[in-house]
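In the two assemblies presented below, chain A is common to both, partnered first by chain B and then by chain C.
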Partner chain A sequence: MTNARANRISKSMLNEWYWGWFLVAPTIVGLIILNIIPIGQTLYMSFFKSGDFGKGNLFVGFDNYRKLLSDDQVWHAVKNTLLYAVMVVPTSIVIALIAAVLMNGKLRGKSLYRTIYFIPMIAAPAAVTMVWRWLYNTKFGLINYGLSKLGLGPVDWTTDPNVALVSIAIIGIWSVVGYNMVLLLAGLQEIPRDYYEASEIDGAGKLRQFVVVTVPLLSPALFFVLVTSIIQAMQVFDVIYMMIDIQNPAYDNTVSLVYLFYNNSFKYSNKGYGSAIVMLLLAIIMIITVIQMRAQKKWVKYM
Partner chain B sequence: MKKKGLSMLLVLMVLMAVVSACGSSGSSSSSDKETNQAPAVKSEGNSDTAEPKASGEEVTLTYAMWDSNQAKGLQTIVDEFEKENPGIKVKIEVTGWSDYWTMLEAGATGGSLPDVFWMHSNEIYRYASNDMLLDLSDRIKNSQKVEMDKFPTGLTQIYNFEGKQYAIPKDFDTIGLWYNKTMFDEAKLAYPNENWTWDDLYKAAKALTKNGKYGILTPFHNQEGYYNFVYQNDGTIITADKKSGYDDPNTIEALKYYINFIREGLSPEVYGDSERAEAMQNGLAAMGFFGSWNLSGFTANEYMAKNFDVAPLPKGKKQATIFNGLGNAIAHNTKHPEEAWKFVEYLSSKEGQFRQAELGIAISAYDGAAEQWVSSNTTFHVKAFVDMVKYAVIRPYSNTTAVWEDKAYEALKPAFTGQQTVEEAAKNAAKIMNESLATEK
Partner chain C sequence: MHTRSKLTTFAIHVILLIGACLMIIPFLWMVLTSFKSVAESTSLNPFVLLPSEWKWSNYSAVFKQNNFLILYFNTSAMIALRILCSLLFSAMAAYAFARLKFPGRNLLFGLVLFQMMVPTQIFIIPQYLMVDSMGMRNTIFALVFPGLVSAFGTFLLRQFFMGLPKELEEAAKIDGYNIGQVFVKVMLPLARSGMVALGIFTALFAFKDMMWPMIVNTSSSAATLSSALAKIQSAYSVNYPELMAASVIAIWPMLIVYVLFQRQFIEGIATSGGKL
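Let's look at the complex of A and B:
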């Protein structure tokens, strides 16, 4: 009796499982081949002094990590990377949130604005950086020209060690706002109108509505945007690579972990050390993400 | 349920994002740092990409290079080669300088190198010592067309590893003193000539600096900058026994002279590659140092073509300019070694070298071909580049040039920004460079 029933249940369950696995298989396979295996290989590589062209790798144990700990440049890069994330993430989310709320309201030409905000996301980072480089140009750039019209002195946007990271963060914010806005906009449209109507009847003003209805109900979307933005910011590379050469006086103040990884792995052909740098980045991102997952219980409200 | 799904998704995204950083950064850096370069990867020529069949009817060779300025001219040579050698097709593939080496390394690791490709002194050691290149020694010996002694010894030596020749010089380049004729005329100064000394350079720079314009541009650049002055002052960058020359008093003296232009406000502080060319093309600086490979770009620039000319570098204790030359190499595992050799043989023959010079592609390394090259450009007095060869010094290199060059840059930076004295920075550069050289095999 019991046997037969168990059988019946498991049959339909099995069927469901098969379909479930079948449907996620493409993603899983892709993940394993393109991501999981490379992670393992990178970790493995970080214990080796890499030979040229993948030949003659020499096992060195923790040497790469020991070198990492005593390498000033790595810690500069950690600092720069974190600083960049701190500058870009909150600013871009606040701007994106404001833009999303405005786009969600009654606004003429809404879809046009949405498109405009999203364009930086579509443009190739390299092309974007070339344009910004011209804007930032000390002698002939549009920004310094504007400043001179206002009676202000020129700023060395890309070579002043105190300014360069800010210049890069501005590009970062500019490129990511549109994408975050679209995600938040999707979150906003999930919020049922009823809540707003109910709160209106209770006498809540627009601002109060925003605080007690919009933000809590948007928190899952906000959380998603926050986590992905931080991860993305931690991996900043293209813009810095395009804008800051090793000769640049601001190099030490702008070099990011991924840039350092690139230089070591590909320019200096030291893939073992490059791998160790990436493992450090992975560890940092993992720690930040775990903290966020824990913290979400405190503020993220799922409907 | 929903929550769980989201957290799962996030974990996956973390993993994916981090790892794709490792995976993609190599290839996503596609665009070149130099503004005036063509799209990262461009293939020209034959649309016929069909793999050669075993029948041996037709063979397609790939020829990889990093300079899009030369690709057009070389296509002409390729066309002529194909006409003479029916059955062999050559496909030119251009990749920007920094991505070129990433591409080549990936090709070497994965066993899919281009058949024929350009080699550089910075990288030859890695490729030669790991047997990635076809040993050409015997083929050269048996060839009727290639005569190695017609090339400058310094150049052939670069591509000779443990007695085996792995590449044949294609061309060479030297550094010239570019000057703005209009600005010289306005200041009523005589143009630079081959007899100029460091004093003349300094005096001219001083006289030309006025009204927000700078007399000279001494950029933070080695090959197109202070290397030349170091060798003019009897200094050195790397000694014969592979030690740093940055602590050599002559080297330091040259660096002091060079950096002093910035300190005295005779040169703007310029760090980026594109900014250097900009400073000339906008009339910001009256004199600058640029290699012969910039020629086609400068000729195409209206302002430069109208206002600029080029002269040999000034003389310090002696005359010197940095020169370097790239070579044509063949992959060790090419499927068509005979055809590839035929092509390289043609490129290295007297005929091919003279044709390259005649077309103005680059200064051919072959003895006597350089004069042909001079007449290919009438905009500037490019003879200066060729005249300097007799006292030119090979661009300093060792087995890990790319590593210590960057380390030296980092150490010398404070001297250029003025945060450190030249002496301190140079000694520091020597120390760091020696540490790096010590790890060299």
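Let's look at the complex of A and C:
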């Protein structure tokens, strides 16, 4: 090290470097071992056909991907996953937004409402799905019992191929509304009251106020909720796993990409094919993320 | 916003109450069914709302067939260790990323962001193979393994540290504190609310996660509450009162924690949303 350089890098600076490296070391080493290397390994494995538990790997080039493209199950799963997201994300955000707007401001029992709406988020999906399965039961379920009192026929909520994905989406919406509402309510509370007062002086009605003041000023929170909801919806697994087994006649119409990944990797022990499926999921999520980032510039207004 | 008329307030309460009922009814039905006999639970004519006799035997039956004490222990050990690791390591890294200048900082923080953008399933097979090759399947360590460090936690706490005023740190430095002392004695106490939020997130995520414990801890004495429920369902799928009893046993501890710390839960979630 030359003298000039030694002068530039003073002792206190070096000290700061050491502390910085020391403090980030556990996290970075952990991330590299647990996450970064595995990404490479998953990509690598997707070019292999694997026997039991990764032993007896056979290089097959792009075969897994070729199989992927001609596999009906995969296309079902892509369609189901996207359809699930399309059903759950907008509906849950709209309901959450309505609830948040109604709760915003002075309202007795506000925190009690908030607490109750958030409860589904606390419960384990396995338990939640079990009780919904019971509510959905064709013969003895509470929902069909209610429908029969209205003179409506029994619905095969969990086995009818045309209905089962909707039933799953209902559970998804029910679980996530409270979480989204809490985030949106926090966003609403940050909007200064002056904006509403000003628009009132301008003679804006309630609805106009909502469109002109609330939505633009809430757009960063809405964007955050949208991004997290979509990523979660694309990874749907627990509810479908608990509700639809492979023999279920609605399996083809409900299987999601992650469920397919699980079955292939751990049930049929074909980790190579499972890896290829997860790479497809990654590609789809990346595409959606890029679209969102582009669209964000058009509608999200940061204060 | 501003004062609402009495009629509007009434209408708002009606709508919100309907919503609240929809949120609660599945849980009520879970509890009611768990106390019924199979005959009562499947009786439609007459329709049975309340059990004629509150049958605790459903609970004792599932308790006998499944060792819930071990499941409680596994689940709480996993949650406690994951909270400990993610708080400790994330706080350290977050402080460095927020306040210290060192070569490679941006690149390394990019790594953190990158991890958060990738679907978690991409890590699962290699993580499973690692645990397997260490011979650590069916252990508490296996349950904690993917949560040893947390990119999300690092990101969340970095935002918290960046929001804190710099004056206190500078004063402490003048007093002769070194960087480690500033971090532990000055900054950590200030980041309490962020750490509470991260702790809650970590606990909820670990509690609800089903796939990882299902894959890595297949022995029933090493399962968690979530993964055990999946097994229980396939084991006796027709006896709904017992299934509901098992569900109640699995979720009540978290519900109690939530009711006791609801403010921290909701505010933790709310503030983290604003930080991201």
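Criterion: the second predicted complex is superposed on the first by the 268 of 303 C-alpha atoms of A that agree within 3 Å, B and C clash if a C-alpha of one lies under 4 Å from a C-alpha of the other, contacts with A are read in each partner's own complex, and residues count from 1 in each chain.
Just so it is clear, contacts are C-beta pairs under 8 Å (C-beta built on N, C-alpha and C of every residue); 3 or more make two chains touch, one makes a residue touch a chain.
Just so it is clear, the structure is predicted and the values come from calculations on it, not from any experiment.
Superposition model on chain A: chain B and chain C are shown in a clashing arrangement. Once the two complexes are laid over each other on the shared chain, residue contacts for A:21 go to chain C alone; chain B is not touched.
Note on chain A: of its two partners chain C and chain B, the one contacting more of its residues is C. Residue contacts after overlaying the shared chain place A:31 against chain B and chain C alike. When the shared chain is aligned, chain C comes close enough to touch A:122, but chain B does not. When both complexes are overlaid on chain A, the residue A:285 reaches chain B and chain C alike. In the overlay built on the shared chain, the residue A:194 is in contact with neither chain B nor chain C. Using the contact criterion defined above for the overlaid structures, shared-chain residue A:221 touches chain C, although it does not reach chain B. Once the two complexes are laid over each other on the shared chain, residue contacts for A:72 go to neither chain B nor chain C. Contacts of A:182 after superposition on the shared chain: chain C is touched, whereas chain B is not.
Taking the listed stretches 74-82, 110-118 or 200-208 of chain B in turn, the superposition on chain A shows a clash with chain C for 110-118 alone.
The residues of chain A shared by its contacts with chain B and with chain C are 31, 34-36, 38-39, 42, 53-54, 124-127, 130, 137, 139-140, 224, 231, 235, 237-238, 241-242, 245, 258, 261-262, 265-266, 275, 278, 281-282, 285, 289. On the chain B side of its complex with chain A, the touching residues are 2-3, 6-7, 10-23, 25-26, 28-31, 33, 35, 98, 101-102, 105, 108-109, 126, 129-130, 132, 220-221, 268-269, 271-275, 278-279, 282, 284, 400, 402-403, 406, 409-410, 413, 416-417. Against chain C, in their complex, chain A makes its touches with residues 13, 15-17, 19-21, 23-24, 26-28, 30-39, 41-42, 45, 53-54, 95, 99, 102-107, 109, 113-128, 130-132, 134-135, 137, 139-140, 142, 145, 174, 177-179, 182-183, 185-187, 190, 193, 196, 200, 221, 224-225, 231, 234-235, 237-238, 241-242, 245, 258, 261-262, 265-266, 271, 274-275, 278-279, 281-282, 285, 289. Within the complex formed with chain A, the chain C residues making contact are 1-4, 9, 12-13, 15-16, 19-20, 22-24, 26-27, 29-30, 33, 41-42, 44, 47, 89-90, 92-93, 95-97, 100-105, 108, 111-112, 114-115, 117-127, 129-130, 132, 145-146, 148-151, 154, 178-180, 183, 204, 207-208, 210-211, 215, 225-227, 229-230, 233-234, 240, 243-244, 246-248, 250-251, 254-255, 258-259, 262, 265-266, 269-271, 273-274, 276.
Within the complex, the chain A residues that touch chain B are 31, 34-36, 38-39, 42, 52-55, 124-127, 130, 133, 137, 139-140, 158-159, 220, 223-224, 227-228, 231-232, 235, 237-238, 241-242, 245-249, 251-252, 258, 261-263, 265-270, 275, 278, 281-282, 285-286, 289, 293, 302.
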